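Each chain gets a letter, A, B and C, in the order it is written, and its residues are counted from 1.
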């Protein structure tokens, strides 16, 4: 039996049959098979079913009749669905922009610092990555305590250094709740992003910097004219991953602010909106059809935007 | 050389500031886990008056943590191993063979990167039921593997494409078959992306509470995050116990990472994600 | 070497085939099994699974199950509680897939109705002991077809807990009406004690408070009747008045209360920083468990006028139902009978210090007794929960989130009423 596989490529194709079936080449499909089966069965198939579900009306838990795009029409034209959708959609965008401006920028700066001449690189790399290892349940609980308006460490600290006016009910105000959650999200992710940027920085040929220095370029100039363009690939990868992450975001908000995205929907995102519709609140209020419709819209948003981002970055890449 | 001391000072200040912000919540958790409930309320910031493992003892007795940790280890280890194995094979296939359908296959996997899996929970549950996988560790492993494949394939594919083809050509001339080429030549130089895929998946699997919540019913099959939810449900005002429980559940990963960080960071920074 | 590789491949291939192949076969086998077993009736050992959203009641149920097993040693019950917030998700999945438990806890009113109407439950009208339970309570566990699908567990009341020591020290008499209540709040505030330990991060606690302080403003059951028969709606000035009351209470709540959790509010109450705490009577056990030395009293509700009787806001909490596709309907019904019996009612009330829904069960705890006596005289339903639990989202959810919005300055009193009424109309249309 094993001989079958050991037949050298040359021998098989040398046989003068009409259509030489390249056994060896086609055995290679076995490489693909396990991944394709697992992924197809446990990911793609349920997702397709979810898409199909969005074209049906639901009576409680049972699929009723095919109603075409009606669920989508309801979602975008009827109150309060359309308002809730727009509200949540905006928050997803806020999430993305603020996250890029805070987490990614911080991560990049930290990567630059650690890449430079500095002691204790390993220590800082390890410490900064640690939050990524915590579960959202833990993160949510810890920050709820730290941000508690009366007994939380942050407000007590602010008051003790005389910055009373800065002490806020962080998670209990419509002005600050979303921002706070985004920063917590960034807190957990900054180390990972930093390591990716660091990897990219280390791949740049050192001679380029030396040459620039000899030419008398300032550090700032080097960063903007050499470093950033040379690490564009990593920046692009992280921006796209952040985008996908921000539109899929759900768990942290759910763990900290509940499925309503409180207070008063100020942290509501498409993920929590989906969850509410698909599983209802404590009293009920479930609509699997509408929930699935949001899922589909969410997918379209992510797929289209990712494609646009990729094309945009590719073009930039090309110009360079 | 060229760097002046004010710049260096500024750098260290930024690093110190970030270190405090990043480690404070974790230290708070560990520190509070040694305190009594009263101590947490009265002096939340001080070090514990006495180093007592009492909270740990109570939590360990009340919640079946040893079982949960064992379950988490099994599920995580198997999932991570299978993700790495099947994804690297698939990525090898995509990057090294030129079948006509390869772009479509790649696209097929990429779809999974963009889809929030939680959205498909109801159909997924039905599949698990039809396969009689509910309330088994296999159901968890199956979702985690399926969920981990797109990212892993994406990463491995990118990595394989950067490798020169001569490497395997010479191996083939030496009489290696395809699997041997993968196994003997590719795998050993794949450590960096494996480290990334491994840790990213390990973190996701270890901390996920959504799927176990829905798929697992017997107490003896539960994983750590579920144990934590039980803890929150039954002792929601016993903060000392909560802190101890949270520390127990986070510690395995934290310790594992601190020991393996050098390898992982090397993996990450050796340019796999260029 | 080569043999080894081939083995790996073989195993892989077989595995992947097995996943696809076996599964479909087993499904059909399972289905036929199901049909065969339904008719069977034996004394063989059976195990019933039971879902609940109250992990904190585990000890009570274990005691009750022991009592049940004394009579029916062949039936064992596996009590599986889930976190209340995750319960619906888990239950929906289990039911949709037909893989649910034998016995499940139903959310009251519209929650029960949804599940009953989807045909997942066994009707219990002919259950032997069901007569032990007040007709009125059974409303919480009926389907649209009017059949009873669940055995109600308890009658909850929304009450105001107060710190007796603070009241004594300040020379405050327990308020009987809204006006007296306001006067008490004023006085406490003047003496630097937070009058009400309210929290608002979980919005449902706002509608709970509304349910306790509101009914006498809208006129109790008369208004409930009018609203349910369609003779008036939430825009009724009397109802608007109740929302206005919520607004007026804002100054008596803790600072930044929208950022506070129920835990924080309880802490304020335990530590004497706040004098009153509004929640369901089921919090009594929590309070006594955490602060056993604290002397607490209860204001069961307000009377409409001086010298009148207080009216207690009550609602039926969860009820237990038997799943339609249980393999052991007989045994499940036996357990249902037990849940409707006085035996169980007594265990329930003694272990958890709550009012049992079973008639003739007497609570021992003096405070529970007091609430029970007041509720027996005059009670009014928790309006939002009982009559506005429908729609996607439910009107109750909309209402409480709107209250949150009001405290955050996003909505006016009329705005809150508007949002709720709009949602109610939309829900009614469907």
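What we mean here is this: a residue touches a chain if its C-beta (ideal position, glycine included) is under 8 Å from a C-beta of that chain, and two chains touch if they have at least 3 such contacts.
From a predicted model like this one, the values you see are computed outputs, not experimental measurements.
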| item | value |
| --- | --- |
| Of all other chains, the one whose Cα centre sits farthest from chain A | C |
| Selected interface, B-C versus A-B, where C-beta contact pairs are more numerous | A-B |
| Centroid distance [mean C-alpha coordinates] between chain C and chain B, Å | 37 |
| Centroid distance [mean C-alpha coordinates] between chain B and chain A, Å | 15 |
| Per-residue multi-chain contacts in chain B, two or more chains | 41, 121-122, 126, 177, 179, 229, 232 |
| Junction residues of chain A, two or more chains touched | 5-6, 34, 41, 151 |
| Residues of chain C engaged with two or more neighbouring chains | 2, 5, 9, 19, 84, 89, 92, 96 |
| Residues of chain C touching chain B in the complex | 2, 5, 8-9, 19, 23-24, 26-27, 30, 49, 55-56, 58, 80-84, 86, 89-90, 92-93, 96-99, 263, 266-267, 286, 290 |
| Residues of chain C defined as touching chain A within the complex | 2-3, 5-6, 9, 12-13, 15-16, 19-20, 84-85, 88-89, 92, 95-96, 107, 109-111, 114-115, 117-120, 200-204, 254-261, 264, 385, 389-394, 396-398, 401-402, 404-405, 408, 410-411, 419, 422-423, 426 |
| Chain B residues within the chain C interface of the complex | 41, 121-122, 125-126, 129-132, 134, 177, 179-180, 183, 213-214, 217, 229-230, 232-234, 236-237 |
| Contacting residues of chain A [partner chain C, same complex] | 1-2, 5-6, 30, 33-34, 37, 41, 59-62, 78-80, 144, 147-151, 169-174, 257-260, 262-266, 276-277, 279-287, 290 |
| In the complex, chain B residues that touch chain A | 1-3, 8, 11-12, 14-15, 18-19, 21-26, 28-29, 41, 44-45, 82, 85-87, 89-90, 92-94, 97, 105, 108-109, 111-124, 126-127, 142-143, 145-147, 149-150, 153, 172, 175, 177-179, 182, 203, 206-207, 209-210, 225, 228-229, 232, 242, 246, 249-250, 253-254, 257-258, 261-262, 265, 268-274 |
